[in-house]
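Down below are the structures I want you to see.
You will see two complexes here that share chain A, one where it goes with chain B and one where it goes with chain C.
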Partner chain A sequence: MHRFTTLAVAASLALGPATSVLAQEIYAPNLAYRTGPFASTGIPLMDGQADYMTLLNDRDGGIGGVTVDFEECETGYSTEKGVECYERTKSDAIVTQPWSTGITLQVLPQTNTDQIPILAPGYGFSPMQDGRVFQWAFNPPASYWEGHSMIAQAISDGDLDNLAGKKIAFLHLDHPFGKEPIPLWEAMAAEHGFELLPIPVGIPQMQNQSAQWLQIRRERPDFVVMQGWGAMNATALQEAAKTRYPMDQFVGIWWAGHDADLKLLGEEGTGYRSISWSIPQPDAPIMADLQQYVIGAGKSQAEDVNSVFYQRGLVISMILAEAIRTAQEIHGVAEIDGPMLRDGLANLNITDERLAELGMTGMVAPFATACNNHTGSAGAWMLRWDGEKFVQDSDLLQGDADLIAPLVEAAAAKYAEDNAPWPVDETCDPQS
Partner chain B sequence: MELLRNIFVTPFVDMVAAPDFLMQVVWEGLVSGVLYALIALGFVLIFRSSRIFNFAQGIMVVFAALTLVGLHEMGIPAWIAVAGTLGVMFALAWTVERVVLRPLVGQPDIILFMATIGITLFLIGFGETIFGGENKQMITAELGIPTGDFVLEPFGGLLILQHIDVTAVVVAGLLVVGLVAFLNYTRMGRAVRALGDDHQAALSVGISLQTIWVLVWFIAGVIALVTGIAWGSRAGVSFALEIIAYKALPVLMLGGLESITGAIVGGLLIGVLEKLFEIYWGAPLLGGNTESWFAFVLALTVLLFRPQGLFGEKIIERV
Partner chain C sequence: MLYRIAGQFKTNYRADQALFPVSQDAWLLGLILICAWVAFPLTASEFTFQTLLIPILIYSLAALGLNILTGYAGQLSLGTGAFMGVGAYACYKLLTIFPWMNPVVAILLSGLFSAGIGVVFGIPSLRIKGFYLAIATLAAQFFLIWLFEKWAWLYNYNTSGAIQVPNVDMWGITIAGPLASSTTQYYVVLAIVTLITLLCINLTRGNLGRMWKATRDMDIAAELIGINLMKSKLMAFAVSSYIVGVAGALFVFLWRGAAEPNLFDITLSFQILFIAIIGGLGSILGNYLGAILIVGLPVVLNSLPELLGVEIKSATLEHLNIMIIGSLIVFFLIVEPHGLARLWGLIREKLIKWPFPH
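Up next, the complex of A and B:
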């Protein structure tokens, strides 16, 4: 027995260093949805995310010398499956990427105790911007409320008072994701004197929206603003064309700007606009690297690497990679954990210079996060479908911070009150 | 008082004030109803011949449409792709009978129902592996389906009838007529009906259970293909179509599980009534999205008074 114990100790000492070298890996799972009714939105985004991490692993040997295990856990965009994926991956994960507002809201309370940061770029719950209340949740580079504030500016030619007396239909998925911007639109309608007409689309009705578009035909709104996901977007666009609604009065938020959805319409979709916090840059240096290390090497599943969604997926993984890098610098260790990554996410500083170093100039606007601002407020551009592809239709727009900040603060405070006792980071200066 | 007025007066005033819009609402409901009825027909056919509630009918619509688009993407001409898809649906019917149903003959109905859930899950995974999850464009123009619209001006208003929708209604009508003729005037059709009436008696006169099962699953596949083309032409082909297929459930509850007439009448009734309710009552009074539940409430209401559905057979069992 003694001899056996001695052998075991010797073996473990001999294997120890080797084991620690093998363990030089960060586990960053992605709660992906490549299947089900929302797959058309998910596939190009997931492809972009996965390809960026493959590039870092194969070209640079990972981040800070540590490779990233970017495993996907398939949710089919189902909240129940998403929570299962969270539970299954949380023991080793440094981050959770829930990919649905419903999943985000479900796991949000648990991340406080599990100490795993949520990264929900451009989605989730807009009040997550308040990092004092939502210490473990991040939604850079822009929130839905910021995006819809920019849409309001775009359709009012920069002055929301121009919308007075007008009617705006808000076509949305009848789901937590779809309803998320309603408080902002209600606040804008009350302040600027326009009529808001929310029109919900149930998930079973995503591909059968004739009732919703009959309502639009009857109400004759001046603008239709869409918060749609998956198959809902393509159907809405086809119904708009069918009912002859003017495409230049139809605007969607970022997930409603998918090339594949518009290609189904082609010329008929000309004039449709979508606000977007990312812009495809086919000639960006990173695209050449991707071609060399990932696509050319047969490691990518992507079909159209110049589409809005694929390149947005690249930007999303870039945000995560930069947060990991920042956390490594702050803590001086390569193998970071969840709490360390939270520090990285709260201290992101994506400058023009850094984007140039990454070969991603122009793909996203520069932004910085802080302990009190988990969104970063990078701003976004309006894209317009020209019949064949999306083209840039505006300069960089910014959400109305004066309007959004009090709404964020009130909603965050209400969330904390409703979920009391809820920890609030009193060390973070709200004005910093 | 205001509420009562909004329920009992305003909707009808609106209908009279804009009759062209009312006609548009009824037309859109009719088109949806025809498609619901087609899906329900697939359920009814299989249930009549085998007492199996085929949970896979919805995914068969998606699978058939994806196969058609997928074959065409491989460079196969559209109508040859249709023939190829029919071949695939026949192979599916044969495989289901041979691999799933035949070993389960004599098992309780619930076991066979669970088996069709298994077929559903298999087809979802297999379909996504082969065709991917992207929304695909139906090959409408390649099949020669017209894509414009008729613009009418009844009562000085506007009524738009999409050529695709008109074609869907006409083709669905022809399919139903053909199906009824097949069931009533052909030897095989009568065999299907005989199996539906009494399994033991049908077997005793030499009707082959296996052959009929392959046949009805194949016909359900043909119906799925027609439905997939019709609905895919309106909104693209994706796995989200499977969700619409479940709208056939209240149609079956309303019309009765065994009745072809019930499937057609139930589908049309639900299609038109849910549209009228959504536009004139649901959206103004309840915030909209009533189509998600209206059909089920209507079907449940009917079941309270006629548990076998409007056209279902009343089954009397002696103890």
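Up next, the complex of A and C:
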């Protein structure tokens, strides 16, 4: 009996300080996918995200004096596991990073009741830009619709009327993620008189696209634009090389610019372009800090810290960290919760000066979010594979806001109508 | 001791053929039902509802549907996932075309669409058997998924190609959609699952069930003793697809809240087939045991390190999880190839004889 009392006292003593330490912490889980068919693209992104947060915790003691508990919950890119992770983390989490369009769609309707913001940088659902309808969802720094508008500008040398009479194949994953840009391409094709040829790749055929590329060889499109992910990209690039499709007429979205996929092709991939809202900067000051505090200390699992995806992971965590900081400033509280973080995400202002302070100049374009623009519209650059690595190929491009804003508003309004009763923030002015 | 059957006399045939000839079985079932209807809802958290209770019930129901076809009537099918999809899309269309419709009625009606399609794809079973039939149902699997992707009317021309569950009310309570509470959803699922299970237990013990078993064991012999094979097989397809369709509608409307076509992919069919096989083909109880093992255990294993305070990387945990579940499946199939239900049957028999085995 006596032993038990001592044990109990010892246990409560041990637990006591531990809980008080735990209280000074922000819980920002990441629904990671280091397993499953998309792991090859997931691992560098997750490494970048985790390393940035480790750096903040170890170098600065967290954000605003509070450490960030950046825990991963493995989903394997499966929607079912993603929802399990969401349910598992939502009681303490200040943010959900769903990492897949499927999980985003699933979680989106619940955010109004659970009051946890979704942060989906550069993915998710393009209409999320309309913050009046999607009050809890954020997809900075650029949406798919903006990305494809920029691709159209890049392949038409700045004037979309140059595309008149041409044929553009839109190679996409047959999945909500892949179908996202179709309405935008249809609108552009109708306005500028080019022919759009959507070519779907079913998930089972991701790694065998001979039928799709046979069609491309037969139709001879002037450009192939790819909305692909995971194993689909590597296969498409290899098929393009095999069918000798000119690489400089082949362009992908930011998730189709994975270094490892192109390293497999090497010289043969020369000329392939991918739009990207982040550019790797091996000489940026932050890389030296990472080397000192994280990689040198053996706290990183990363393999290639100069790859596009690893550095994009850093940018994504930077966006989250800046949002946390902004929220702390707005509310004057160090330990913020979900609704406070929403204010931070809606009032982000990443300027060139701020990027320089962070040591991340040039890694992402400056942008600012507002209640009616949850995307921030940073714009993006074209990257070109030079046979060994991705190099910058264009100046900063911007999506065509006049074209996109009405589409966003219509899609958001339809979503609100389909999910009625859906709360709409009336205090915020519409974008157009 | 607990299962002593001494003193339980049967004085007529009716009592001997009752659902529970041993009274302890009835007590046990009553206890489980009290747990499911009263104890769990009072104690469960949101997380338990959403990741354990509701999915286990829905997967059990789907496996029950497949078990009617494969376990009782002996017709191998690989199209379960697609038939679930038919139920889900039918329910979605019903509720968007007729928004005033009672959602439970819509869910029960959507099974009829799935039953109709199941019968159509069951017609080849009259000519082919075994693995060949599995391939024919595989065609249903691929064709229906293709249809869900290409036929935009099914998803109301949404740009994403996915279906989203709207908020649906019944008698003033929201039972589906983002505003529905987990407890309500759980009770609706539980009520439907209990009802269908009860129907199935009686169906499989009755005339139709005996017809199915005869067809399964030897169809030529069954035909010779006067069983109409066409009726028997097509009925099995209809009843099975009905249940699977209802499970599909529940799957999307009362649990997932949104669905894209590839959710109903072949992996879902396999998962349900595994539940049925590991639980035990030709048993009702097995479906529940199988679903607990395949659907519930991974979630529990994922929560274990946190409960024990062990720090472990999430990806590593996932790999461990897959290995543990995989080896457990192999272990159970070696220990008892006829599934978990048979394992329980053996334990029960031992308990009845204990402590004096002969």
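To be clear about the criterion, the second predicted complex is superposed on the first by the 408 of 432 C-alpha atoms of A that agree within 3 Å, B and C clash if a C-alpha of one lies under 4 Å from a C-alpha of the other, contacts with A are read in each partner's own complex, and residues count from 1 in each chain.
Quick note on the criterion: contacts are C-beta pairs under 8 Å (C-beta built on N, C-alpha and C of every residue); 3 or more make two chains touch, one makes a residue touch a chain.
Not measured: the values here are computed from a predicted model.
After alignment on the shared chain A, the placement of chain B and chain C results in a clash. Residue contacts after overlaying the shared chain place A:Gly271 against neither chain B nor chain C. When the two complexes are overlaid on their common chain A, residue A:Thr243 makes contact with chain B while staying clear of chain C.
Of the two partner chains placed around the shared chain by superposition, neither chain B nor chain C is touched by A:Pro339. When both complexes are overlaid on chain A, the residue A:Asp174 reaches chain B and chain C alike. When the two complexes are overlaid on their common chain A, residue A:Gly359 makes contact with neither chain B nor chain C. Using the contact criterion defined above for the overlaid structures, shared-chain residue A:Gln212 touches chain B, although it does not reach chain C. In the superposition on chain A, contact of A:Ala234 is made with chain B only, not with chain C. Contacts of A:Ile203 after superposition: both chain B and chain C are touched. After overlaying the two complexes on the shared chain, residue contacts for A:Pro285 are found with neither chain B nor chain C.
Mapped onto the common chain A, chain B and chain C collide along 115-123, the only clashing stretch among 7-15, 115-123 or 169-177.
Overlap of the chain B and chain C interfaces on chain A comprises residues 34-35, 174, 200, 202-204.
On the chain C side of its complex with chain A, the touching residues are 46-47, 50-51, 149, 156, 159-162, 164, 166-167, 177-179, 256-258, 260, 262-263, 265, 299, 302-303, 313-315, 317-319. The part of chain A that touches chain C in the complex is made up of residues 32, 34-35, 71-74, 76, 79-80, 83-84, 87-88, 91, 101-102, 105-106, 109-110, 112-113, 125, 174-176, 179-180, 182-183, 200, 202-204, 411, 415, 418-421. Residue ranges on chain A touching chain B, taken from their complex, read 34-40, 42-43, 174, 198-208, 210-212, 214-215, 217-218, 230-231, 234-235, 238, 242-244, 260-261, 263-264, 303.
Contact residues on chain B toward chain A in their complex (touch as defined above): 18, 21, 24-25, 28, 31-32, 124, 128, 132-135, 137, 149, 160, 162, 231, 234-236, 238-244, 246-247, 274-275, 278-279, 283, 287-289, 291-292.
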